[in-house]
Amino acid sequence: MISLDQIKVPLDVPQSKRDDYKRVFFEVTQGSGRLMLMAGDQKVEHLNDDFYGEGIAADDANPEHLFKIASHARIGAFATQLGLIARYAMDYSNIRYVVKLNSKTHLVKTSQRDPLSLLWLDFEQLDYFLQAKSIPIVGVGYTIYPGSEFEPQMLKEAARLVFEAHQRGLLVIIWAYPRGKAVINETDPHLIAGAAGLAACLGADFVKVNPPRVKDGDPHVALKEAVAAAGRTRLICAGGKEVGVKDFLTQLHGQIHVGGTSGNATGRNIHQKPLAEAIAFCNAISAITFDGVSVEEAFALYKKS
Amino acid sequence: MISLDQIKVPLDVPQSKRDDYKRVFFEVTQGSGRLMLMAGDQKVEHLNDDFYGEGIAADDANPEHLFKIASHARIGAFATQLGLIARYAMDYSNIRYVVKLNSKTHLVKTSQRDPLSLLWLDFEQLDYFLQAKSIPIVGVGYTIYPGSEFEPQMLKEAARLVFEAHQRGLLVIIWAYPRGKAVINETDPHLIAGAAGLAACLGADFVKVNPPRVKDGDPHVALKEAVAAAGRTRLICAGGKEVGVKDFLTQLHGQIHVGGTSGNATGRNIHQKPLAEAIAFCNAISAITFDGVSVEEAFALYKKS
Amino acid sequence: MISLDQIKVPLDVPQSKRDDYKRVFFEVTQGSGRLMLMAGDQKVEHLNDDFYGEGIAADDANPEHLFKIASHARIGAFATQLGLIARYAMDYSNIRYVVKLNSKTHLVKTSQRDPLSLLWLDFEQLDYFLQAKSIPIVGVGYTIYPGSEFEPQMLKEAARLVFEAHQRGLLVIIWAYPRGKAVINETDPHLIAGAAGLAACLGADFVKVNPPRVKDGDPHVALKEAVAAAGRTRLICAGGKEVGVKDFLTQLHGQIHVGGTSGNATGRNIHQKPLAEAIAFCNAISAITFDGVSVEEAFALYKKS
Amino acid sequence: MISLDQIKVPLDVPQSKRDDYKRVFFEVTQGSGRLMLMAGDQKVEHLNDDFYGEGIAADDANPEHLFKIASHARIGAFATQLGLIARYAMDYSNIRYVVKLNSKTHLVKTSQRDPLSLLWLDFEQLDYFLQAKSIPIVGVGYTIYPGSEFEPQMLKEAARLVFEAHQRGLLVIIWAYPRGKAVINETDPHLIAGAAGLAACLGADFVKVNPPRVKDGDPHVALKEAVAAAGRTRLICAGGKEVGVKDFLTQLHGQIHVGGTSGNATGRNIHQKPLAEAIAFCNAISAITFDGVSVEEAFALYKKS
Amino acid sequence: MISLDQIKVPLDVPQSKRDDYKRVFFEVTQGSGRLMLMAGDQKVEHLNDDFYGEGIAADDANPEHLFKIASHARIGAFATQLGLIARYAMDYSNIRYVVKLNSKTHLVKTSQRDPLSLLWLDFEQLDYFLQAKSIPIVGVGYTIYPGSEFEPQMLKEAARLVFEAHQRGLLVIIWAYPRGKAVINETDPHLIAGAAGLAACLGADFVKVNPPRVKDGDPHVALKEAVAAAGRTRLICAGGKEVGVKDFLTQLHGQIHVGGTSGNATGRNIHQKPLAEAIAFCNAISAITFDGVSVEEAFALYKKS
């Protein structure tokens, strides 16, 4: 557990916003210094693939499912696009929102054209909501694709976004996915460490990476290089494709306790479940992330649902 | 029927514009929650192909035909480009206008270059008309092409447009057409559901999609995935190429009552008819959309003309 | 003949500028509703090809030739680039100027790269001259190339330009030339009608098109589709390459009285003649355009010179 | 010789700056109406190729050489980049500076990619120096490449630059070099005339072109078409590669007295000489340009050094 | 040694900032006129390649290592990205920071696409820190790639950055690396001299180049052309890949005393060492750079650690 005083506030947060920054950091990590982010930007990133089809709960067809989970489960924050938030947050005002500020579909593959994801909105628009206090926004998210031919545009947007978010006392989570024709192996541990260090140079509070894959040895150990490279920027792992609950929790526990990560960002594994199960699963994830419980304890929490 | 109180106002509509938003929503749906949009942006999108040639009424050669129909028929709103509106609205001030803010011609095919349609005008220009109250503008329209290599630019413009329109109490209709070299089947139901969900994340009030096509089974059933994916964003179907009146009305009825759509956006099927017939056809469409009449009743309305 | 009261002012002209708009419309059409535009933008569009060489009067080598003609002949307005106007208008202040706001050379052919012509100046710069009243500016011109891969950029610039020009009470003439690798036949009547309708949707006052070509039948009849498609936007024909005077006047007469066009925009056919002849030729064109005289009467006027 | 009263001030020069414009025009032409421009932008355009190597004086290795010449010789003005000026002008404050506002290196050849040279600085930055009066700036320079695929961007920048420069009473010199894959023969007299006319349409005060080459006949005669096409914009010839002094002066004399040019812009031929010789050579050029002396008289001046 | 009075202040530094400029120049050169820059931008430029792996000290895995060295060693200034500075400078406030304002990864190779590195932040953002005085910023850095197809964009950004930095009394260091498909030999002495001269025309205070390579002869002699071409802009050499300490110091001594350079910018050779050794190595470099000691004396300083 960390106290408010121990939170290091980056220097682009002005004096008047330091307390806000500390408070939101404390809240989304529930005093643990670790983040449990419910990631819900897939309706753009993967279109309807993650929300409808075999093995996906019928609940998930409706976007409101995301808000119901985020509202009733124990999570750190919920990330999705602002347009969607603006239509549901009047009914789900107890959620801490992370606004995902850029997004693209998966239709154009890297073999055709390198990925480019541009800011949908600026802080000019975000300020409206911050001033109206109509949505409890705690942070913003942005995806960069290091290795894309469009990397320069995205690094430029990301660097400015970090500055502007910090100026308002908001947290920044950078999704850092090496991708492009120049990238041979997206899950190479050394490359992921590079992406984590890049996010640190951009000034992110958290960097979300895909967990590295290794041929031999413990993949969680392979995370250590990235955690070190990120320095004071905290590294969280993406949840990825649906796996079994026990396997998921085991992996999460290993990422945190072996790899040294500061939490996770999970989407599909949560919302493809029916509501009650999704809530219980979130709670189990949070128990590991925030409370440091064992896999068994977390799984029991899930099973109770 | 819905009452004004039941209309959910998105959070990017400021307090001072909530009543305006409700009023225009109520008006264009005539209290039904469903939209009948007369779509008249084809003079750019298809150049003169939809207005002159075999099987097209001579009336349609002159753009004023569109305004005459929109003025004399029962419709929810009429969508076209601002330049055209600015030349006719002084004589057709009883129409509710939706300004189509981006448009392109169909000359460059996807096989040559992926589609890009850019904003013609910003709200800076639109504000002139809103302040002068010289044109009864109720909303704006914008086309996105998910799957185009230029998708990032269009998503950026669309997201900002939604925010700016809502700030002024205006409705937003997103034309969402998956298109580009990466798109194999533009009318795949799952892809259309994805496009609908994307429009929801952009914050659209209505999303206009092409009706999906299926090899087997009821195409209206195939719409359900998209209607669900759109959540609180209401889905309307494009009218498409000219078909017989009875077939058209039957299809519309099925889209609404089987598929669960919230109306339609029809262009060619309306304006390629002579004036009186076009008006009667609009009225028949509106009777199904707004009043929930049967196909037979609607067809009778049309026949009376 | 039309009266000032009959001029329909588009709604993007503010109340305070309606009289200015009517006045300039009346002046450039000399009350006929038809425009005689002396087009002099070729020093950029065709470099020196139209000004020097076999069959071209020596007078034409010097750009001042254009101003001398425009000053001494009866014309509606003279269109050229602002940089040139700024160097000669102090000596030719009786000319009504149309500022051609975009221009490109003909060096890069469509086979190499689709055409793109960008705004040279904004209204920010134009306002200087409007306020200083140092140049009698009555309108602006802009070329669009529908079918070019750069069409989106040009439609965007054109739409804004129409709005800004009308805000200042100025007329807008759109040069609409379908061109690009996607365009098979630039002079297809149906395509030209499409271009005319596009200019109408942009809100142009006049659209300048190349006269369509037909294999069989009267080419002037083929113009009717375009004139209809343009609606309240008035269509004028480009003069094109040099032809004999009688042929030219016959063609012009047919365009107006058979095709229903609202005048013409002529460059090379005028300025490639020696000064006195060029002036007489302008006067002949104007007599047909403004006064409705016969080809014979107009030709007699020319012969007198 | 011309008097101040005979100088025609373009209409984009405001009333309050007319005297400044006349004064700088008079000074850089020393009352002759002809310009002797020492061109020193090659450190970017040709990197170190013109400053170091066989046949180049050792003095030329140091950029200060340029300032020494410009300060001690009789010239009209000295053109180079602002960054360099800002480091030397405190010691060479008697020079009249023309700020070359765009520049590129010669590394990327046309066969690889058509040339693009973008503005380095805007008038926003230039105004700082104009207000501080720390540098005696008399004009600005800009290179356009008609026929490049990037021509539209450069014409846009050039047109604005002319307006902004004239607003401040400064002169504009356009370097006009047809170049790009579409340009077969860069020194074709007719093409160069086209480029000169284009610069006139942009509103340049002087246009610098490469002297045309002809297979047969007098190359200076071939200049006449360009001089005529430029109209009131005065044409000056680039000096080009190093040639013998006598040949250079003979050529210059012919350009002025046969071709009708208004001076020259010379770089390498001047600065590749040792200081004293370079100064003498400038003085010889200026004697021909400003004073109308014969080649022999000018050569004698040079020899005296 | 130079005195404050001898420092030549460029003319884009306003009167009110001249003392600041002199002070920072004096400080980072410690009165020697030569710069010892600790370059720490590699976490972006080379991702984690320089920080983790065989032969790299374990200390280097954590970005804080850079700050520890910079804080405890004798250096002129430390250059890295602002996002990183904003997270560490509260604990390392005795460092003089150079903010590296553009950066890219090395993932996309020149064979795929020419290099482009865009500004991450503008002075709008930098001013926040300058006003808050929370970070001791003494200068900014920017990389240009002459010969890249994207050269125009980078020259534009660089020229503005120099002006804006000088307006605030800050120093500018340009990293000038000829690179792109058009560049055959990046370490050709003549090309490097060209890059140095280009940086001078941009107005840089220091230009950082890669040391040239020669087949025969002394490579330090080959530097002289570049030092001369840079004029009043001072040239420093990049440290490059790790070499032995003695070799490094010998090379540095030769660059300064034979080549005439004004110091060095070293990264990997410093931070890949364990903390104590890295500090000692910095001190040895500084002794040569600032104090003019011999290689032996400097090496002894290093050995003492």
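Brief remarks follow.
We just call them A, B, C, D and E in the order they show up, numbering each chain from 1.
To be clear about the criterion, a residue touches a chain if its C-beta (ideal position, glycine included) is under 8 Å from a C-beta of that chain, and two chains touch if they have at least 3 such contacts.
Source: prediction; values computed, not measured.
Touch-path distance (fewest steps) from chain B to chain E is 2. Matching CA atoms, the turn from chain A to chain C amounts to 145°, rounded to the nearest 5.
At the chain C-chain D interface, residue numbers used by both copies make up under half of all numbers present, so the two copies contact each other through mostly different positions. Chain centres here are Cα means. That of chain C falls 57 Å from that of chain E. Chain D and chain E have Cα centroids lying 35 Å from one another. Not a single residue position of chain C touches two or more of the other chains. Because contacts link each chain to exactly two others and close back on themselves, their graph is best described as a ring. Read round the ring from chain B, going to chain C first, the chain order is B, C, D, E, A. The touching residues of chain A, when paired with chain E in their complex, are 8, 10-12, 14, 146-149, 151-153, 155-156, 159-160, 162-163, 166-167, 178, 180-183, 190-191, 193-198, 200-204, 225, 228-229, 231-233.
On the chain B side of its complex with chain C, the touching residues are 41, 43-44, 47-49, 51-53, 61-64, 80-90, 103-105, 107-109, 112-113, 116-121, 125, 128-129, 132, 134-135.
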